[in-house]
């Protein structure tokens, strides 16, 4: 397992080095107004929402599912909170708004879980419903406008700093929490069992439905927190664009991290690396000045390169060595 | 005979359920809106979705084999771009068509080879393919390019009269031919049956001595070919090439296929299901535009709700 | 009410039915545009069939086709892209339904496909932004550009117009240009990266207010003062942008007016009545400096 | 089959290592035309691996494969098949989503006008199936059939082509006597036509009945090659396990002692499910072993699944400890102390991508819920205990179950349920693919468990086993319970007669 993560890690390092070569100051860190400031910090800060969503997605994918609705859920969370805050500047209003939003997200997760585990609808279609309708709901909440707020407490979630960006601290906290919960309880093993062989798990008495329900709720709550970060980062809720296509980034992060879309074994650390790789890639495009019209080609090449170095078969073919048996 | 009667429905149930729902939705539309119950509305459903029908047919192959192809929307865009800029540069129409179809199939072939030879998940490879194809569009031109070629325009605007005053376009004919061809290949040829086998269990198919490599790569070539053909139809439909055409169309295609009862895990499903799925999505849109009073957000919500109603009802019918 | 419909007016007797195919609701600007059209239709007594194309041209075409099917009296729409409208507009022409373009024209040799075009000129907006910079820049000036969605018409045209004007002054250089997808987060992320990779930034030119607002956040986070250390030019003049302009965080905004409703309804009535209308109706649009913004802000509707 | 013809297959110095396991070390193997050659060895000895090396699934690290005088290195099973090697692999490797006919003929379908000729295909499939005495609808989907039927379909696929080498890896593990006889008849016909047949089975009776020669593997090494007539069972077993143990005695004495039985634990009255099994009555007492006998498709598995709640009953009721129990699914059954080890270990039993440890504790952990994980130490103790008790190899708790040999997988599945210490243990073909040593152990285990008060429902295609172990034998035919016999006084013949015979009056002995 550890060995498997070596390659994504190398890919990440290579990308960062590319930045260093083009922009020598990329790794430079300085303290400014009591917090760290620099290119790496930006990668962490901006990567936090993708990371969070990818964490939720990892568990969903481990059960053989997929959740396309996370982007819409993120938009709803931001919209609800900003509309609740309105013109208020008070911290308590902000917290109340966020609490309402997250509870709502949990409900949306329950809904996805109901469609998948209750009605037995294929996850991709089940969550497509919320992906479409959810964005409509977010726009309904904001009436199609970008709702701007001016609330210092709310700003902290996405743009605040406690030396490091608050957003990455939150994301890492959630990562730690999930890692702890899935390893220290039997949840991780049961999720994998359900993902690898649902029928065998059912006959072994595993509560597959509850587990599926749990992961969708978790994914939705993660998406909610990510939505708060996205909206808080610019102090505004943009129902239409917040979290647009982030589900694709999140799935990509999970897959780059070595988790198979066919379900089963998953790696949270892999997902962390995957999310960082994706964010670094985006930042790289901006920093090294790739022209917008070639951005996509550049991304395509990097993604394939990252995958090729990871694939044992490709490495074997490239180095003309027989696959080593250790 | 009774066994036949019992078996056929259970296998075709998802497709039949989708078709039944489509008919039902159409009935509701006719009852509610003036002018809905006309042959032309049905014909328009085909005219407006011909490219999606072709995409869904190609996607069916990939999904049946247990894979997924996210690149199709971008390949459609790339095809429109190649068509438009080729024609603008004065290439003859047949050359343009060949170039487009070759581009699509080659991309499919490359993706298939990478997926198979290096054992990388289809999701990533085709996502990279999606980036690449759209990126290539922008490399050709960031602006949209009009198609002014006479032949193209004539074909695009030609109307084929059907009995009852209903007209369709050549696109529809091509799309239906593609569906027929896809059905033939999937159900009547060794390749097609092997697609099902690989989707059912790849390791078993391998141990059964079936040519899994050919199939696993082949489905992506077919999907690439279908995407570029869909791109040609799209060029005819839009008479323009543009890098932002068909954004997110891969999701529509996947959704149509899955709504039609095909299992994303592979091995189970029919091309006709994909066709029915496209018609369902099209009907939802038609219903909404006939309603004509929905705000942007209610449009999204209603699309979601109608989608839910369709799949939930279909699910209950299939489960019995 | 309208003066009496043409012979081809739809089934609903005397009243005019308009089919309007909107692009989507991708920005606050668009939402304001939609709202204006819906409100004015009500005021003018025109029955409005509205559809949202979710940013997809093919959906717009489908909607137009369904309007033809429903025999509306007039069709209006904002084409996202210039190209690709001939087929469906030909169908409308065959069905004798007049067409009005709003917001943007189409690229067709056959001008008989539509009656008139009502809307702004994106290239002109870029030129206005360029003019202001040329007039206000002194010495070598490094500009960073926040582009709209790659390939989108406003992005291409606002870039073109701007470049056309600043070419006059070799001192002014666009040192970096990147797409921020017309969104605040996009603008902020790109600006953050620019602030680290560019040694000197004097001016930000953003293709819309939202990206400019995002850039302001990034500039503040870098410990600089937006509007002073780094000057900001944007396009649109939505309310949040005007507020920032009034606050001195933005230096100049080129207006792009979404409130086309009233003009559109007037044109529609004329077209349906068979009256002659000009082929091109330009919307009245201005520019705002910080002082003008302070004055105009209280009356802004969107 | 004597000296004259050269071997059709010759494997020389084959070695193959998997991470952590040397599966084959310098193995030589010869297969002659016109012989049935048994490949013998304990679970995990390397039989299946040797076969897969022959057919191009694995590439050997060293050594060469010679087919009819030519060096070959197949890179896929397809190539081997083209070269005339037809194989039935150990686990059923067919596509459940296709029809029976397609599974038999895929890759060589009859064609007409360039397309597949389905009517002709169904006809051909029906013919091939008829050859081995199976009469099912070739157009039915494979997944509808029980594992034994699937095994027969796999055999049908293998004999549907003209081949010069036929490889059968434990083809008989789920079959009952009738099917085995049919298979052997076909094998003899093919052998007489000059086909070389490689046969793997843990049933010594079958091996002695059909094979001409045998090769014995132990721990991945070759330990002997004999004419079947030259070795007796004792020597063979000694060679396979590497020790001379009283294994045979153990088997023969497995079920001598019968204990006094406890109170009625589970009682079903009128329990049934339409299309699966007709309503039946059944009582199982604590400490009692109830055997289920019946032909393929007689409904044994269905009966077991109803008791476990894997399928919902649509009539009748179930009493546990005299109290009615509504089974809403396996969970409620497990909560009531019922365990069910499925015959389909690949599909319904194991979680192939998880480790031995996780598979072992899965049922127990599921019963506790995810919030109460088994402490690491308890887990390790349990795993340790059962790895030893059932002699699971490799004894590495972290090995993925997918990489285990068939027999060892079966042991893991059994262990999973033993861990839960059930009150009623339903064993559907628990000895499928298990070698004789382990089989004796398992039978011993069943007796011991019964002696300790566990009720056991025992299903096996091997009638002798059922008769030997069971206190009572329930006989099923055509999805109906037709008789209940006293196990201690019943012989195999009597049961066979009941199973096969016409209308036998219901007779119940308690």
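Going by the order they are written in, the chains are A, B, C and D; count residues from 1 in each one.
Here is the rule we go by: a residue touches a chain if its C-beta (ideal position, glycine included) is under 8 Å from a C-beta of that chain, and two chains touch if they have at least 3 such contacts.
Here the structure is a predicted model, which is why all the values come from computation and not from measurement.
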Task: Taking each chain's C-alpha mean as its centre, the one farthest from chain B - done: D
TODO: State, to the nearest whole Å, the distance from the C-alpha centre of chain C to the C-alpha centre of chain D.
DONE: 71
Open item on the list: How many angstrom lie between the centres of chain B and chain C, each centre taken as the mean Cα position?
Closed with: 33
- [ ] Could you tell me the distance, in whole angstrom, between the mean C-alpha positions of chain B and chain D?
- [x] 44
Open item on the list: Give me the residue numbers in chain B that touch at least two other chains, ranges are fine.
Closed with: 138, 142, 295-297, 299-300
TODO: Please set out, as single numbers or ranges, the residues of chain D touching at least two other chains.
DONE: none
Open item on the list: Give me the residue numbers in chain A that touch at least two other chains, ranges are fine.
Closed with: 139, 144, 292-293, 295
TODO: Go ahead and list every pair of chains that touch.
DONE: A-B, A-C, A-D, B-C, B-D
Task: chain A-touching residues of chain C, taken from the complex the two chains share - done: 24-28, 30-31, 34, 147, 150, 176-179, 181-186, 188-190, 192-194, 196-197, 210, 213-214, 217, 221-223, 240
Open item on the list: Give the list of chain A residues in touch with chain D in this complex.
Closed with: 184-187, 189-190, 192-193, 196-197, 199-207, 211, 264-265, 325-326
Open item on the list: Applying the document's contact rule, which stretches of chain D touch chain B when the two form their complex?
Closed with: 57, 76-78, 80-82, 87, 89, 93-98, 102-103, 106-107, 109, 111, 114-116, 137, 139-141, 157
TODO: Provide the residue numbers of chain B that touch chain A in the complex, in ascending order.
DONE: 68, 114, 117-121, 123-125, 127-132, 134-136, 138-139, 142, 251, 254-255, 258-259, 263-265, 295-305, 307-308, 311-312, 315, 319
Task: Of chain B, residues touching chain C in the complex - done: 33-35, 38, 40-41, 44, 47-48, 84, 137-138, 142-148, 153, 156-157, 234, 237-248, 285-286, 288-290, 292-297, 299-300
